[in-house]
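Okay, got some structures for you below.
What follows is subunit A paired twice: with subunit B in the first complex and subunit C in the second.
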Partner chain A sequence: MATSNKTRLVDEMKMQSGQDPNECYQCAKCSAACPVTAAMDLLPHQVIRYLQLGFEEDLAKSNTPWICASCFTCAARCPRDLDLARMMEGIRLVMLRRREGNKFGPADLTPEQLEKLPQQALVSGFRKYNK
Partner chain B sequence: MRYHYFPGCTLKGQAKNMESTTMAAAAALGIELVELEEWQCCGAVYPLYEDELITLLSPVRTLAAAKGEPLVSLCAACHHVLKRAQELMQRNEEARKKVTDYLEVDYAGEGRVLHFLEVLRDDLGFDKLAEMVKKPLEGRKVAAYYGCLLLRPSKVMQFDDPENPTIMEDLLKAIGADVVKSPYRTECCGAYLSVTEEAVAEDTVTRIIDSARNAGAEALITACPLCRYNLENCASEDGKEPIKVYYFSELLAEAMGLQFDQLMTSALERRRSSDGNK
Partner chain C sequence: MPRTGVFICHCGTNIAGTVDIEKAVEASRNFPGVVHAADYRYLCSEMGQDLIKKAIVDNQLDRVVVGTCSPRMHEGTFRKAAAEAGLNPYLLEVANIREHCSWVHKDIEEATPKAISLLRAAAAKAVLNESLDAPELEVEKRALVIGGGIAGIQAAIDIAEAGYEVDVVEREPSIGGRMAQLEKTFPTLDCSACILTPKMVEAAQHPNVNLITYSEVEEVKGFVGQFDVKIRQKARSVDPVKCTGCGICYEKCPSKASSEFEMGLSKRKAIYIPFPQAVPNVPVIDRDACLYFTKGRCQICEKECPPQAIVYDQEDEIFERRYGTIIVATGFDQMNPSQYGEYGYGQHPDILTGLEFERLFNASGPTGGKVVRLSDGKPPEKVVFIQCVGSRDKARGMNYCSKICCMYTAKQAILLKEKVPDAKSYVFYIDVRTAGKGYEEFQRRAAEEYDVAYLRGQVGKIFPDGDHLVVHGVDSLSGKIIEIKADMVVLAAASIARADSPELGRIVGINSDSYHFFNEAHPKLKPVETHTAGVFIAGACQAPKDIPDTVAQASAAAVKAVGLLSKEFLKGEACTAEVNQAECSGCLYCEAVCPYSAISPVEIEERYQGGTLKRTVAEVNPALCQGCGSCTVICRSGSINLKGFSNEQILAEVDAICLQR
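Let's turn to the complex of A and B:
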């Protein structure tokens, strides 16, 4: 099972993001740079390790790709020039495309939030969590 | 100096004062920003997967509408999306062909895509700006907060040094403020996590504000409406000395000697003249 999943996820990842997780040598600079690791159940470099090993179902359960704020700090610091933000987006998209519902929509917002949030936050939030 | 101007949705909504202060300051500096006709929201996030072509339609339509002439935006997210969409159009021929065929436009990645801060630095020049300042912000201790989207990925954005940027500090110097440098100025504010994961944004924002306060700042400037929202709403601030958050353009307009009522009038005039054009 692991093998076929690995082929699918990693192949799609390589093609769509141009990133090969196998180029990562697990130095964990990305995890040191990431500003939101406190809320993550897997550290960014561990996500890559899981990708290398094809642990797709564990990645599907992890909150890390959903916590990732696409701040691009990991990519800026990676000595292997890997763009982890793209891989995180890849995992999110695989999940969103594979599953039925959206993760977050207008109905999840309070009237107060709708009043105050900048339009940019609404558009980007819906883009990240919806398909 | 004349530029096409792409406002984006937030500048017509929650961030109206970034637009009105920029317009007033630009006019005083002899910079003409001409709003694109019939523009659409840029999409707010750049698609990181290269088969997500639908989300590129809107930014590429905007890029094509500038006809290769310089295109300026103010919102850090709009600028990020436009700049990266342009780079993709230059680099990925298949994506370019699909998107431009669908839109029925000719676009191959040409034209300068600029943030207004780059116009001030590269086209006007901060030295020139300093000479034109009417009311220098003497004694005001201000820190710059860059966030992510203007700086990263630096190969594409080519905005400034991603680890040690200076453009906003140079602006603050030019308008006469006391520049405060704070170590967290390039850290992420948590972006849209303030919508879904408030605790995470509280953590990131509190670190940024505390670091600016400890460095001695009374105020922060930003170029991003979402950064501003988070900085103003998400920090845990119990009993601490308050820090004011401004758009860079608010302090620029102030240093140009523009009063608030003048800013309102110039915004209204622009509205009237653009209504007249239709």
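Let's turn to the complex of A and C:
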């Protein structure tokens, strides 16, 4: 069990997001406020806890950063002024850059989908799942 | 040339760690006028002081420079030592080489020359130091307590018992404060009124205590020993001498207004006493709600009052009194949590703050002591308590812990179980903090014996669903999302400073922290003193505080006040301003800026071209002058000097630093 948070993922995430997970005191308000926890395997505050403790491998397996819809409710509610959505974004970026490459591009969509989906959804989808 | 001695303190490693003491001593020997230089590990110790005293005698020193900590810390100590060696204490000068040098630097190469510069400046100033004498000031043997809550009451009783007169100024119509609003007190579950009202009565009946209720302090002038205070006694519209407290007036009064004492949960009459045990038991007419004052008719209270005590044309009365010392004990407010949209406070009658919920337990409260939902009057089955609403929240609330919420929530959950045995309580918390005698045991009793479910996590949203309030939260220990169909929600809203505390602070001369709580003079060693001599603070106006701490602090403040009052004379300020009347042009700008009213115009006669000429110049009353220096700055002709900090002395210091390099 890694108990140091001086791992690469945490450092990179901090650099990407400008957020320090050690500022969190685990009140779990983010999890209580998050509208999509039902689909997550780890609750948002648990993701932060894993970051604090450096459980990098477990984080790599978790679907939570990918489920996060970036609605920013967590950031608006957080009493420690942490922006969780940015942290999730940071984790996603680290993962994508580390091994997987782009997860999702225009080639993955049918012409009808491309036709029907709003531009904004496409752009944010590409941003979320690509390098 | 005076003979100066320089003494440099190591302060253990506090100074010696970052300042090369040996170098500093060597450099000091070369300052103009210095005939002796030495160092010691702790100059403030008995041995260190003896070293200074001996050197003064052996070397016939007539000026002393000590390179030590801030003069705030030990100037008094060293001046006393110098005086014991036969030197006027004001011939000693402190060079602050700790706070101003060693503590703020890490590099010995940088800190050492800076320390030497500071010492050189102090030595240059010391050469120009003169012997000064502090005037003696009379002490008015009367104390003023601002605020009549438990802190103010306790302080007043203690001062009165010590044999001194004390006035208590209370803004509300009755003394009692926040404690009067509480049903029970933790961790003993004493009935709050049962332990408070005897103290209220004791204060009211004590021959040395004078209660001035429904009044506010408007202005404070003067200084320790002689504060001149202007107090506005608001018009009660009732003659307190005639009134017998029979209560017929508020029984008959047809007009109603929201009750402040009941946190707005119920109505009171336009003529009212805030609560049944009010002291003094004299009603007040709320002129904004009274039909006679708003519409010009009614006057039922006047007709019904048996002793004819109603006085509609009573006016606010402003009077001035002199006090030797002031204790400020103005208490706290509860934050309005409506800014937390997710909790829905203010949008549903069954979402209450802790203090509002407290009133439901009280027999004279809005529900007559029945704990029921305000929406439908039914007893609640599930009550959710939420902790840290606005506390420990640097994003939207207060950074600090409000200290009392963990305990009063446990208390309310216990009381709820006793009043409504079928009720189940849930407490969402971040941490449970129960430091205090018997506190931890009390909280555990709530969890273990009263079946209160403690959920470690916060609430994300609350929304009404039919008769219920659905509380959507989380238990972070299990990692499970929790949804509770609650009947009531109680928010432990943050304890905050009174909204007008900065204003009172300005009037009395106390500074506040960033949350507007009053600042003590030292967080550990001067917990009830302020930076204004003779002004003390007690209770929750300093920081959130429970009743035992408040009472302890009130007694502490009372002792400080009594200590002052017991003195026949106080030593005044020796460093006072002095006018060179030959140069003074008589513009009297100094009189306008003096905060202590110490400067007044005076007419002098001068010889001029063979005759005499009368002209007006400024004069300083050294008993009133506090040595702030405002007048020396504003003086256009430079004819005012502050003794001990004269223009020549300050310039000598600047030269000593600037001309060196």
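Brief remarks on what is shown
The rule we apply is simple: the second predicted complex is superposed on the first by the 123 of 131 C-alpha atoms of A that agree within 3 Å, B and C clash if a C-alpha of one lies under 4 Å from a C-alpha of the other, contacts with A are read in each partner's own complex, and residues count from 1 in each chain.
Here is the rule we go by: contacts are C-beta pairs under 8 Å (C-beta built on N, C-alpha and C of every residue); 3 or more make two chains touch, one makes a residue touch a chain.
Just so it is clear, the structure is predicted and the values come from calculations on it, not from any experiment.
Bringing the complexes onto one copy of subunit A puts subunit B beside subunit C with no clash. Contacts of A:83 after superposition: subunit B is touched, whereas subunit C is not reached. On the chain A superposition, the C-alpha centres give an angle at subunit A of 80° between subunit B and subunit C, rounded to a multiple of 10.
Contact comparison for subunit A: of subunit B and subunit C, B touches the greater number of residues. Once the two complexes are overlaid on the shared chain, A:67 sits against subunit B while remaining clear of subunit C.
In the superposition on chain A, A:45 contacts subunit C only, with no contact to subunit B. Least inter-chain distance for subunit B and subunit C in the combined superposition, rounded to the nearest angstrom, is 5, based on C-alpha atoms.
Taken together, the two complexes place residues 38, 73 of subunit A in contact with subunit B and also with subunit C. Across the complex, subunit C meets subunit A through its residues 342, 388, 392-397, 430-431, 456-461, 472-476, 479, 481. Partner subunit A is touched in their complex by these residues of subunit B: 8-10, 13-15, 41, 43-45, 47-52, 55, 75, 77, 148, 152-154, 162-163, 187-188, 190-197, 199-200, 203-204, 207, 224-226, 228-229, 233. The part of subunit A that touches subunit C in the complex is made up of residues 25-34, 37-38, 42-43, 45-46, 73, 77-81. The touching residues of subunit A, counted against subunit B in their complex, run 16-18, 35-36, 38-39, 67, 69-73, 75-76, 83, 85-86, 89-90, 93, 104, 109, 113, 116-125, 127-129.
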